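In the two assemblies presented below, chain A is common to both, partnered first by chain B and then by chain C.
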Partner chain A sequence: MSEEYKRKYTFAEDYGTSYYKYGPITLGETPEIIENRGYFPDTTSIMYQIMAVPSDVIVGKEIPLYLEATEDLSTRLIYPMRNGVIARDDEKAWRVVYELTKYGLKQFKPAEPEFKGFYVVASLSSIAPKYMYEKLFEIHKRIDEEEGLVKAVTIIPQPLAVAIAHKVPTCIVLESGHGNTQICPISRYPIRAAIIALNRGGSDANTLTSEILKDAGYGDLAREEALVTMIKENIGLIPRNLNEAIREAKENPEKYRAKFKVPNTRITIDLEAESWTRFLIGEYVFNPNHELFQSYFRRGMPKPKDVKIGDIYFRGMIDFGEAIIEAAERCPVELQPYLYQHILLSGGNFQWKAPEEFKPTAIDSVTKIKILLKEKGIENVNVEITEEPKYSVWRGCIVYGYAVPEKYEWKWERMEGWLKIRE
Partner chain B sequence: MEVNKIKQYFLNKNLIEIDEDEIRNLEIKPTLAFTDGENKIFVKIIPLEAISNRSQFIKFMMETSALREQCNMIYIVIPSLIATIIDSEILKEMGIGLIISTGEKIREVLPAKKYKPKIILEANLIEQIEQISSRLERIESYIHRLESQINQIAKRIGEAKPIKPITIEKPVEAKIEIPGLPSYMQNNPWLQILKGRGEREIAK
Partner chain C sequence: MINLIEVTGRIKVYFNQIEGLEPQSYMEKYLEELREIEEYIDFKGGSHTFKNGSISIFQYPSKIDEEISMIWRFSKVKDLEFIDKLFKTALKFNDKCFISISIKDNIDFNRLKSWIKSYSLKWLGESGESFSAIIDFGGQILWLTAYTNRNIFNIRGKFRLDGLKPSKIIRILCEGETLKVLSVRVPSPIKHSYIQNANRLGLTASELIREALKKYLIELYKSDIEELTKIE
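Coming up: the complex of A and B.
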């Protein structure tokens, strides 16, 4: 099969923590996006019998049409990649991945008679263990057997895809999603031995926001995660210096008042005298070590713990600056200056607003990372936030599939190349 | 006259006999030839017929005179019998050394004068030299023409307006712009990096 064929039928899949981004090269700038989740309806319910639900697992944009009572949603609505890693024996999660992958590939099945299957580039978290690669290859083989949709498949780590999409061959990528953060140095290849994984992501800032809402008297709203996320994104601020920001906010309570009306509802959140806590939310993402957070931990807020998932050791409390330095220092000394020249911040957990009226007390993610590094003696670094962070992994996968030669075959020792599903 | 005795006489003077090959190109050859390392010393022994025959004697002297130009010093060896009839003043004037042999004794009565010999060149060598000379002339003529052209150019440069100094711009990396490709592919250095993946492996 020729290079031209491969380029025409390159297909990318990004298994993000919250969203599954997928589609062929012909989509151009933006992929299709659906939530990375699957719904297992109660097959014994009357609704299931009446509505003739097409499958025992529902994925895609139709999910809301089949949702039932909320009390058992957590067991029926599965987000397989919530933590970037799926347990080997988590059958439900793997079933969702299979359904999502099949859903995406079938949606773009070309009508041309010359079509003999896509060249699929899938992207997983950089901390995904080897068995996840094996499982994902099996899923693609199965889909090809059933639908004839996959000619070859390869899997690349998400930070590599981010670096490719941003046209930077040597860099450190910080990918911070819902459940965790990966810090991955890249020099033409991902430097796997230098990857640092943090057991901290957007969900931890949600937990703190929840606690702040409870303290402010909004305990009933604090349980709705989607609402908490929205509030976090709208009132949370990153402080240049937490102590100074709190003092400033307490001295100017009206200026820093955290008041937010939830769109299309009658709900308004107003933190009033506790509005200074909005700075805690941003600080917690980058550095959870300030003494003020201790009071929340003592009152039962879960502290980000050091955990081992599969073969990967996830750090809980290390700040982002220290984690970047630790990752860089696992690389050759002569490479380190070049790595610091391009630090790419990717993922929803870096999308923080720094409104003009709150500057310079409130800052953006780029400035915060620079400050954290400067405190540890690393200066003159170049930190960039990725444009279109939602799409960058998918875009990187498309470039990868387009460019990597069709004859470059998959080898486990280097974790690269095309695994041919059929000739 | 015994040639060997005369040879021994010169060898006793710490001279070294010259190999015959070295003088093979000479039209007229000496009876003996020696060197002290720097100078060539030729010895011409008068033949018996030249003692009794005037023509032969004149021939002998003319040959000696011709040989004188091919070496640094030349001696003639005559028997004591005719020593009295030789005008040594003429030989002295000509710089030719005179050795008298009595049969038993050998005596240098007139030392030879040192000359700078004329170089004898072979015909083909002369031809080559002529060719080189001809080439040299052509090269000289060419250099003259070049000098003249350089002078003309220098004159024009002097008359021309000052030229802006040449600045070497920083090399720009080759950009890959493929029409129709999305923005994230345009000028993306990863395209080249990834195209090279497994190059050696595929070549095998």
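Coming up: the complex of A and C.
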């Protein structure tokens, strides 16, 4: 096969903690996106037998049509990449990955007879162990045997994909998704010994938003995660300084009033006198150590814990500034100034609005990171947020697939190149 | 301007090599020229933002034989004229450029499919989710792929200065176009032969002439079609 063929049929897959972003190069700059989850319906139920559910695992946009009793969801609705790592023997999780991958590839099967399979670039968390690479290769091989959709595969770490999309070979990438955050120094390739993994992502801000809603009398709505996410995104603000922002919001309650009408419903959320809590949501993402959060923890809100998954240690409460510094300081001293010159923020958890009317009290993610670093003595840094943080990994995968020569074969020692599924 | 949901893509710009010029300088040259015709806003998050769209580098300038080429990607297109300007700027450096444009829109894909089936030079096939064809747009031979269930189509190929502008092509594909009259004066024996054959095939004379014209264009653009579909 030629370079032309590979470039024509490059396909990228980003296995995020919450969303799976996928699609061929012909989609331009925006991939398809579905939740990275699978639902195992109760196959013993009469309804299942009467209604003939198409598969024993449901993935994609149709999942809500098959959901059953809420109490079963935790065992039946599987988010395989919740922590970025899947245990080797977690059969259910791997089954979901297989179904999602097949679902994505099949959707874009080209109609032309010349098509002999995609050149797939998949992206995993930077902390994914080697066996996850092996499993993912196996999954693609199986899909090709069944559907004839994969010609070759390669896998790259998500932060590297971000750096590639940005064309920055030396940098620190903060990739913060729904479930966790990776802080990954890159010097041509991720420096694995310096990677810091945090057990904190967008879902933690959802948890706090949910508590705020309960306190404001919206306990009935606080259980629906999609709704909570929407509210978080619309009312949450990042404070320049949390204490000052709260004081300012309490002194000007009308100006900072958090009121949001849920589109296409009759529901309006109005935090009224508690509108200052909107600043807690943004602060919590970047630094959950403020004393105000203690009252939520005491009342039962789960605290982001330090956990060990496989061989990876995920930190819970460390603030983003400290985590960046710790990652940089695990690298050679000579390299550190260059790393601070390019700090890239990627992932949906950095997509925060800082409306003009709330400036300078409310700020964006870039400014917040700069402030956190400055507080710890690191100045003159260059922090940038990727153009579309949610899609930068997918875009980086497309660039990588386009650029890596078709003849360059996969080497385990370098973890790069194409693993040919068939000639 | 038609109100499209999303327009993104890539443009490959070719340069004739200039002795002593660093690769980075080719990017600067392109940007300089583009700034002349489109209002520049700023450079942020790896993207150059202009009044009607953004561009960022997809592939740095690289040299193949004596030719330098680089690829920009474009997004956040507010006005289709922006793509025309990217294209016009590219043609200041070379007489060819390759563009891939992806459009997400609530267009009528059934109408598009039937139009493409009738007037494409080569129908490449269809599945439940997509269809593909090679189309002639004013002498530019382009590849169209449509993902009907996702409301997305992609059009790509080499664009030329004397062909239709990208914005015009997108408009035709999204909005459809009425057929134009092409009058041909022929000697009566040929006219008679055409009508006779049309009757025999159950076609109108217009349909048969269109078919003949299509066959002629396929022959004329044979090498372009081969180049576009080349996979080795």
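Worth a mention:
Just so it is clear, the second predicted complex is superposed on the first by the 405 of 423 C-alpha atoms of A that agree within 3 Å, B and C clash if a C-alpha of one lies under 4 Å from a C-alpha of the other, contacts with A are read in each partner's own complex, and residues count from 1 in each chain.
Quick note on the criterion: a contact is a pair of C-beta atoms (placed from the backbone, for glycine too) under 8 Å apart; a residue touches a chain by one contact, two chains touch by 3 or more.
Bear in mind the structure is a predicted one, so any value in this text is a computation, not a measurement.
The wider contact with chain A, measured as residues touched, comes from C rather than the other of chain B and chain C. Contacts of A:P113 after superposition on the shared chain: chain C is touched, whereas chain B is not.
After overlaying the two complexes on the shared chain, residue contacts for A:G28 are found with chain B and with chain C alike. Of the two partner chains placed by superposition, chain B and chain C are both touched by A:K167.
In the superposed model, A:N264 lies in contact with neither chain B nor chain C.
Once chain A of one complex is fitted onto chain A of the other, the partner contacts of A:T75 are absent, as it touches neither chain B nor chain C. Looking at the shared chain after the overlay, A:A403 reaches both chain B and chain C. In the superposition on chain A, contact is made by A:R188 with chain B only, not with chain C. Comparing the two complexes, residues 28-29, 165, 167, 395, 399, 402-403 of chain A contact chain B in one case and chain C in the other.
Those residues of chain A whose C-beta lies close enough to touch chain C in the complex are 1-2, 4-5, 8, 25-30, 32, 106-114, 116, 165-168, 384-388, 395, 399, 402-403.
On the chain A side of its complex with chain B, the touching residues are 28-29, 163-165, 167, 169, 188, 395-396, 398-400, 402-405, 407-409, 416-417. Taken together, the chain C residues at the contact with chain A in this complex read 6-10, 44-47, 54, 56-60, 73-75, 100-102, 104, 124-127, 129-132, 145, 147, 149-150, 152, 154, 156, 229-232. Considering their complex, residues 182-185, 187-191, 193-195, 197-199, 201-202 of chain B touch chain A.
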